[in-house]
């Protein structure tokens, strides 16, 4: 730690709050306009090569897979990915050759499902560079700082460890207690990709189940692309406006994509496709298998709907809904062990 | 262990871990063995155990073992389905009694590495990183570690990387670094036994041996010297009732069959 | 501003984060227990004289009036009140002689309804001391810091004004931008009083409409007393756990008090009792009138139910529900002009 | 004003204020005249005006004038009913184009007092304090002030208390204090006319006179010197359409009858 309490991690996604205010003023429309578009157009328009990208959801939960596959399909390159418990999403993006850098809270792993063959391969052979380390709470509070338009957030974790030494945080003396405290810098992703349960054509969105980091992340990201299980009438939003977790002025693009989180879980709606996840974890053990996966499921199909047909179509999707609805029992007969 | 046929190591560890959790307390868990232990405690001596998940699940009646920390089952019939901000804030504010973590390697002060094996910039093996582990070990009052592969390569003198804080460099060093006061590693459970940390030196100390394990095995399975007091107890073996409940919790043996 | 960037406002409600962690560990039960009690017992147990008190809600919205009147009935004294847009609540408490100090973001006023006769009288004649000034955002972020268990929160307002000079905030140099930034200290009220739409016997609470500052305040307060329009079964909470804004472990006491916010508004449930508010603003112009009000509506009745009978009973309360439901039209025929 | 019979001052001010609000912009309002102006703009030239309330109301179709900033009507048929944290954060982050405030007294730099008249520790008159005003004038891009009683006692050389920031002590002083860059007081509307602030000196400047008002009246109603350029325009009078809509917005005349 330097005298200024600085560390060696690269500062990713930070902007001077005044610079970001100016950017918001000029680029985020406060007009309630129809933002419906296509997955392909949204990715083309808002995710240039080299972008700093964050995904809503967590692990294998509520991951915007239609958008993820489209990034691969459009052969996006040199992305820096925010590794905030980035699991299936970052794995697919690394396998697809889209990623050159990751800031890591949690990446290259699949929780209970084990480590990520292709993610680990990429970082161990130097194809993907880790820009720095951070903790989950630290990352989420970087989003909170950005959402609030302040330059940093105080945090009492990471202190004293190598995690902070390889982070972009700083340590100062708390003026009240006199104790050292960690400050994490605001993080404004260039673009965040979300999949939600329902939203209107303007982007006012509702999410069921846990919010994870998405309240803060939606407000921190400069651009926000939302796929949704269903586009609902604005009147439905108006009926219970307190259910809106993402107001329209944060949203740049809206696309209706039923089952848009497959093979990950959409809370209270459909369960993981454990077989497909296991298949990916299996084939991605080799570069060849990885390549074949993308030929089959991304380049081999025109769009996400065709992908859904390929992975099992209505029969499978109906089953995954039943597994979710009928849990715990139905679920326990099809879960992880497959 | 002559009991091999009646229970396996994972079942033993789950029961040992469950016994550490007091009723009416809160525990911050991930999935896997820690959650199995929490669910077991809840279904035996600690029905009032408050189980909390990083992604926002608060006080669920977990039906069967979730696969992911964000799995819908982590807030099945829960008191609240909130956010990471809410759960991490409550933890930082002192509401979390126990934290449950694993680790690839640990030193004598209970510092843990889950980031890299080898050099950080050119790792031999890249591990997932902190995730919420650094936060859990910083915020929770008592952090319990489950490491099923104690060996001189996992109980090391010097970690390649300190991902999450134990007692750092010894007495008072957590506080000097600015971490919350008065908390830290509480127990370490391995395939050989259970360890705590010396009140004064904060160095790891043997507390309990699993059935059939010798002190010699414990010593041989560590690069650093483990304090060995005179009075060592032996872990109770899983009861048939505990084993029955474990199979109820993890019917497909995702965790306990390992 | 001193060299340390300090100002002259008294530091109210701050605790060293480690001291507060210890307090939480020892005093906040994580056991899911039945917390139902009475208004009288809850106030007796959790609000000793001299407490630092904060009220949920805002202005004339969702104010826990049953608890407020009980503070007067029990002749609580020397309270320090958190003036976070404290309007009808603090006015009644000052009139009732319970308050000796206020930290002010907004107090002594009634928004569109004008200034507060009795609040102004008390501060102008020295009966009530103002400990310091702050802004609404500043106050609410003091609660956020406390809820997070961090010692302070960075804020970009108040800077350069007399408001900050009379506050307990500090100014430091942001280590990233090099610009001055205001830090507001965490604020942990000794007790917060809330009125919610529904909660279970353990305290898991749901609120409809705007959340105002209550998410943060519920987590900042050391003790939390909740009155609720309705106590519901725990099973109802479990059905949609994402509707829980206050989890049980934050709550110390639960009391079912229908119309517990009267004469203030309970969002989407019943409207203001504009006549009663106007009556208070009229009689409180004189100490005698104020005294008479309390004799009639507090000391003259055994409890809040008797108060409700006195102010108009079922007929009035039904009307206030209709006004809310039938808005805008019905409302416009009975609102402010009375 | 010979038009006295056709419209009153409040109606004129509401129309003048409404004309300042561009379509497709966001405006942070309280209740009272600022909201009346916002609703009028929304029902005339700015249907896409995004009205936001401090307590969490975001983009409501306000039916009739709310009495309180937290009134259910502030999120009637809204896009979101959120929190003060959310709204203040969005404002601090740069999403708020206009802020609308009143004030008891103002100086030539647009600093405002709503805290005390007299000495802070022994006030002659205690006013409510900042409320959200300091935040609004710190965060919003353009702050508009409505002060219906311009006089040498309200337009003063030195304020008893600077509650909310205008241009503080002049050019660059907001930025030096650490306030967000490039924003500040935009217009001041009084019973006599409309003022802006000189690009360089940041001092108050007359921009528009209300019908029948003279420059002499403006000068006499200020303790500090107001810049008077050569080209002064006159406020358009309220149209019958605007007056009709105002009565629709405030049927009981809570605000406009004053």
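Note that the chains take the letters A, B, C and D in the order they are written out, and that residue 1 is the start of every chain.
The rule we apply is simple: a residue touches a chain if its C-beta (ideal position, glycine included) is under 8 Å from a C-beta of that chain, and two chains touch if they have at least 3 such contacts.
These numbers were taken from a predicted model, which means no experiment stands behind them.
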Provide the labels of all chains in contact with subunit A and in contact with subunit D. C
If you tally contacting C-beta pairs, which comes out ahead, B-C or A-B? Let me know. A-B
Measuring from the mean C-alpha position of subunit A to the mean C-alpha position of subunit B, what distance in angstrom results? 28
Taking each chain's centre as the mean of its CA atoms, subunit B sits from subunit C at a distance in Å of 41
State, to the nearest whole Å, the distance from the C-alpha centre of subunit B to the C-alpha centre of subunit D. 58
Chain centre separation (subunit A, subunit C; CA means) in Å: 37
Please set out, as single numbers or ranges, the residues of subunit B touching at least two other chains. 75, 81-82, 92, 139, 180
Touching at least two other chains at once: which residues of subunit C meet that condition? 17-18, 149-150, 155-156, 174, 179, 181, 209-211, 242
Testing understanding: with touching defined as stated, what is the shape of the graph linking the protein chains, line, ring, star, complete or other? other
By the document's touch rule, what are all the touching chain pairs in this structure? A-B, A-C, A-D, B-C, C-D
Touching residues (chain side subunit B, partner subunit C) in the complex: 23-26, 48, 50, 58-61, 75, 77-82, 86, 89-90, 92-95, 97, 139, 141, 180-182
Subunit C partner, complex, touching residues on subunit D are 30-32, 54-57, 63-65, 67-76, 81-85, 88, 91-92, 111, 115, 120, 122-135, 138-139, 161-165, 168, 173-174, 176-180, 251-255
Using the touch rule from the top, collect the residues of subunit C that touch subunit D in their complex. 57-62, 83, 85, 104-109, 111-113, 115, 119-120, 123-124, 126, 130, 133-138, 140-141, 144, 155-163, 166, 171, 174, 179-182, 209-216, 265, 267-268, 271-272, 274, 324, 327-328, 331-332, 335-337
In the complex formed with subunit C, which residues of subunit A make contact? 4-5, 11, 14, 16-18, 145, 149-156, 170, 172, 174-177, 179, 181, 183, 185, 208-211, 242
Touching residues of subunit A toward subunit D in the complex: what are they? 17-18, 20-25, 28-32, 146-150, 202, 204, 219, 234, 237-238, 241-242, 244, 247-249
